[in-house]
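I've put the structures underneath this note.
Look at the two complexes coming up: subunit A is in both, with subunit B in one and subunit C in the other.
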Partner chain A sequence: MRGLREFVALRRRRTLRTVSARYLAARLLQIVPSCAAVVVVAFLLIQLAPGDPVLALAGEHGDPAYYAFMRQRFGLDQPLPRQLATYCIRVASLDFGVSYVQGRPAAEMIAERVPATLVLTTTALLLSLLVAIPLGILAGRRPHGAADFAVSALTVAFQSTPSFLLAHLAILGLALGLGLFPVQGMTTAGSPGSGLKHFVDIAYHLILPALVLASQEVAVLARLTRTGLVSELDSDHVRTARAKGLVERVVLWRHAMPQVLLSLVTVIGARAGHLLAGAAVVEIVFGWPGLGRLMLTGLQTRDTPVLLGVFFVISLAVIFANLLTDLLYAALDPRVRYR
Partner chain B sequence: MLLCGCNLHPAAKRSGLLVAAIASDPGHLNPAITTNGGVHTASDLLYNGLVGLNSKAEPVPELAERWEVEEGGAVYRFHLRPNVRWHDGRPFTSADVKYTFDEVLLRFHARARASLSPALSAVETPDAMTVVFRFKRPYAPFLQQLDVVEAPILPKHLFEGTDPLKNPVNLAPVGTGPFRFVAYAPGAEIRYRVNPDYFGPKPELSDLVLRVIPDRGTQVMALEAGEVDWLFGVPGPLRSTLRRNPSIRFLQTSLSPGGSDCITTLAFNLDRPSLSDARVRRAIAHGLDRRLFLERVTFGEGRAAETSISSMIAFAHANDLKAPAYDPGEARRLMAAAEKGRIKLGFTFFPTDAEYGNLLRAQLAEVGIDVELHALEAPVLVQAVFVQRDFDIALIPYCNGTDPEIGVRRMFVSSSIAPVPFSNAAGYRSAEMDSLFEKAASSLDPKERGRIYHRIQELALEDLPYLPLIETENTRAYSARCEGFVSSSHFAAAARCGP
Partner chain C sequence: MRHSILVSDIGELPTSIQAPVSGQGTFDPWRTRAGALGLFLTLGTLGLGVLAPWLAPADAAAISGPALSPPSLAHPMGTDAIGRDLLSGVLLGGRTSLAVATAVVSLALVIGLSIGLLSGFFGGFTDHVLMRVTELFQVLPRFFFAVVAVAVLGPGLDRIVLVLALTSWPVLARVVRAETKSLRHRDFVRAAEACGATPARIIVSELLPNVLPGALVMASLLAGQILLIEASLGFIGLADPSVVSWGTLAGQAQELLRVAWWMPLFPGLAISGASLGFNLFGDALSSHLGGR
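== the complex of A and B ==
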């Protein structure tokens, strides 16, 4: 582990030298057109999708006068280009409009849900790294050995089990069966709580959903680590390092792992979207009050302002994840320079 | 973390707290601006109607202590219960009732708006404790439309002069009901405490939590783990396993959150050439074994429907009438007589009803009809069937309500062929049917109304614009440590929970 720490410290010093302020500003500026494209495309896609928010809102009954009245209230009677223009101007000032269903700002509703999803996804990501890298090393150091076989069986099983099924199995076995974890929710029912007790309560409810969400990432990352390591250990510079008489720990962390971690970083960044999509499924099964759940309800009720707001936030998260990946890449790979 | 798990485990609860699972986040808690089942489930306990409905769906006093029906049913005079207070301590008066009807229910509550606004001429308040409703002509079903589901009363002092759809009180409601609102954690749970000043019998619970658990399977596991004490419904396949659990009890009811006494019905689009032929519709009816739907789709929950008026509405349901019986031979004979050869029809349904589709397709294939399945999610189905009328056969859960005027009339009268959800999907027009419904609505004598509804059901089975399939039922499941539940929307008002 000390090797890893040295390695991280070395790379961190490097970042400042390899990424220029101009590059960073340009990348940040690129976010604006990306977001604008997301807003326009998402808006038009929702208009193309069948299903009318006013009909969804009315539930049973209603009459044409009621629909006309509601349409006017929400500005849905305006021509489409004007609706789009109004929406874009609002979004530019970070106003996502008012939810058709709840009558309060969509931005407020989204902000309430972001922490839950953030806690779930980051915990799952950390858990998956903590598990996947050791598993990958275990398998990659002795290819085709017993450990490799076991790890590969495990990852194939994780990757090929749909997460909703895995979630149900986990609840059935670990929560209902062994009673180790609660079945659902983010906190104990009816206890608002605060301070340390609240924190422990959330952590206790978090473990199972985070494990389930992490499992698919573990599968991908462990296999990637394993494959990367196998090819690195077979490469010329590792052979040279060994020939120099370096101990295996140094060979592994100084010479083989940096390359492997580099490919991991790229993949993790690219999987941010996948992680959020997986979170939606896990949130539904575990009753976790996050963004994915809000998106599903927004879809069912055709609550366009909320839906578009969630799309926007998720796109922003993916864009930033990619930016972060590129910066990390520069920090890790001495050949990469952003000017 | 596992160490503190033992005393943190949610099952270790104090008595007096009831945790109930709901499938969706209601979004807001104002039952007067919507007919949405999720909102009503979460907010009806906070409010009252002028009357309540007992287990036989008869009106009983709630905010109104007593009432008189005058001028042959054209005037209803309600005497309000004295000393009722809102949860914030302000007194409840007739002004609240008038405000709620005029400014909220008749504008935003889709069912009240559709049925009452054309009929009602004025709401008057002669004094603080009296409310008078004047109708343009005698209006029979009014007392069935005044419970907390159809007409919850809001506090005027918190709503007057505001936009009822955006009033912050919708998220921190103040009612008169047996429970008071405590807190709303969006997407997670809603917390309530008992109302110590409630005018009715005091609830024996101290606290109530409605917990949002979207996945039905997770709901059942949460009940088994003791994290939740009450489920509003149990999916068919899980019911039999749950029944073997000695610490779980059940309550059967015809009430569902969207409405009561629902009949899962096939609507035939009469604008389609093949379906405008009555022989084809009758052939379909003879080709379907409704008992098989009951067995395989609802897992025995509910009963095979015979007519379009629910057997739960005793005064109106015709016991002696039967829908066409399962007879594939007769179905094939009718298809041959219709001389259309082998025909192809689309079947449109909600994704949750996929099993109905599979069974229907298999059965109709036997009688020479090829069915193409179209599973459409709710907002899309409503648009395709009722607005665009782009369907052949649709599966619609028509909820009767407690009077045929509420939920059956809209299926059959020609004036309700309109781009409105859950209206006359078949596009059925019959002068006789229209006049029968007019007569039934303006008569106050249940016997007379019963006779008219009998003829209505007879005519509906002759013309067959719809085929009633299943009268659906719901299974509530609850922890054996609790008792005293009822199936109405005030389900927990009389409940008790032990340790």
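== the complex of A and C ==
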């Protein structure tokens, strides 16, 4: 671990020199078209939706003059490009409309659910790193050995298992069967404990969903660590390090792992969408009150503003995860020179 | 067993494929344990999918026994809440799920190959524009996009296929582009150019055959992913209720989890098996092509 710390400190010193202001500006500017694409897609979907919203609001067999009034009131008489512009501005100011069911701003309902999803995803991500890196090292140090075979088999199996099946098996086995964990929810019903007690309660409810969500990340990250390590250990600089007579621990952490960890950074960023999708399914199975759960409620009650709001927020999260990854990569890898 | 990075997660092949033309030996997945298992599972799933109407003991939509009966000789996988035979459901539902996966992968292959080849061959401005477009599609979160699309447009296999294909091709396009770029200035392409071959001819008869294997790796891994996503969509209740698929079966199981353990288990295992097959097959092909 000491090698890892040194590596991080070393890279931190180089940060300011490598990420130029120009690159930063250019990369930040790239966000605009990405966000616009997401909004346009949502707008097109709404346009394609069957049924006339005015008929839905004002009822059929109504007065044509009233229809015209409604159209004007909601801006539906405007040309499509203008409607799109209005829509973009609204979404950009985080106005996702009012929930059909609750009559509250959808943005407000979404904001309430974000923390739960964040807690679940970050816990799962940390857990998966804690498990995946040692597994990957175990497998990668002796390629084609018994440990490698076991890890490979395990990871490819996890990768091919739908998360709801895993969640079901976990509930059946560990929660209902052995009674080790609570089956559902984020807190114990009827105990609004405070402070530390509350925290422990949430942590206890978090374990199983986080484990299930982490398992899929473990599969990907362990494989990546393993493959990266195999090719690093085979490289000239590692051979040189060994020839110098360095201890294996130093060879591993100072010479081989930095590059591997770097590739982990990119993949974690690129998988933000997968992670959130997995979280949605896990939240639904475990009744975890996050965005996924909100999405399901929105689906069942046909609450389009809430659904679209969740879609926007998730897209935004993915876009920012990509941005963060790129910047982090530029900062960590001194070989990356940007125009 | 040689193992490669799951290229689908990084969006590019681990290392540039070295001239996957001829002279590398033929691809024989039976040689490795993982490859053989992958091919066996893939062929098995596809075979069962094709033969399902003849193999299924009952009509998947018809009531054929007592409700919620656990696995027995008459119903090897048990029955569901209204007494439909689950084995028939898994067999016939697999057909639907595989059809969805095939359609998505074919569409994504067509778009991804076209964009990737054009981008890689012409370079410059064309490349720039096409890659920006690719990036735009790449940021759309696949699962949530599908959820919103089905919610707004109503359930149906066509829109699921369309949405999944629209969000799946960028990865393919990027792999194909990278490959094309690395092959662009090889001697055989130059020779064709010197002979006066048109760009269209070079792309189709010189470059396409060489980037195809790499694209097939991605396609195989994509198929495995699509099966999981289709199932997840069905699980949250978005599958077309009029067609049996692994997704709808998973969705029905959700509410009966504590009553009928066989209802999530067997469709889930079928999905896992099929997905595992595609993943292993893709990996075997990838390491044959010289991925790390």
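The rule is short, and it goes like this: the second predicted complex is superposed on the first by the 289 of 339 C-alpha atoms of A that agree within 3 Å, B and C clash if a C-alpha of one lies under 4 Å from a C-alpha of the other, contacts with A are read in each partner's own complex, and residues count from 1 in each chain.
Just so it is clear, contacts are C-beta pairs under 8 Å (C-beta built on N, C-alpha and C of every residue); 3 or more make two chains touch, one makes a residue touch a chain.
What you see is a predicted model; the values in this text were computed from it and never measured.
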| item | value |
| --- | --- |
| First (subunit B), second (subunit C), both or neither touched by A:182 | first |
| Touching partner for A:284 - first (subunit B), second (subunit C), both, neither | both |
| Partner chain(s) touched by A:201 [first = subunit B, second = subunit C, both, neither] | first |
| Which superposed partner A:50 touches (first subunit B, second subunit C, both, neither) | both |
| Subunit B versus subunit C as contact partner of A:66, first or second or both or neither | first |
| Touching partner for A:172 - first (subunit B), second (subunit C), both, neither | both |
| Subunit B versus subunit C as contact partner of A:129, first or second or both or neither | neither |
| Touched partner set for A:114, first subunit B, second subunit C, both or neither | neither |
| First (subunit B), second (subunit C), both or neither touched by A:84 | neither |
| Common ground on subunit A, meaning residues reached by subunit C in one complex and by subunit B in the other | 50, 168, 171-172, 176, 284-285, 296, 300, 302 |
| Contact set on subunit B toward subunit A in their complex | 1-2, 4-5, 8-10, 13, 17, 19, 24-25, 27-28, 34-37, 107, 110-111, 113-115, 163, 165-168, 170-171, 183, 185-189, 191, 207, 209, 211-215, 217-218, 221-222, 224-225, 227-228, 258-259, 377-380, 382-384, 386-387, 399, 410, 418-423 |
| Subunit A-touching residues of subunit C, taken from the complex the two chains share | 1, 3-6, 9-11, 14, 34, 132, 135-137, 139-145, 147-149, 151-154, 224, 228-229, 231-232, 235-238, 250, 253-254, 257-258, 261, 264-265, 268-269, 271-273, 275-276, 279-280, 283, 292 |
| Residues on subunit A engaged by subunit B in the complex (per definition of touch) | 50-53, 55-64, 66-67, 69, 73, 98-99, 101-104, 109, 112-113, 116, 168, 171-172, 175-176, 179-190, 192, 200-201, 203-204, 207, 284-287, 289-290, 293-294, 296-297, 300-302 |
| Subunit C-touching residues of subunit A, taken from the complex the two chains share | 30, 33-34, 37-38, 41-42, 45-46, 48-50, 144, 148-149, 152, 156-157, 159-165, 168, 171-172, 176, 220, 223-224, 226-228, 230-231, 263, 266-267, 270-271, 273-274, 276-277, 280-281, 284-285, 295-296, 298-300, 302, 304, 307-308, 310-311, 314-315, 318-319, 322 |
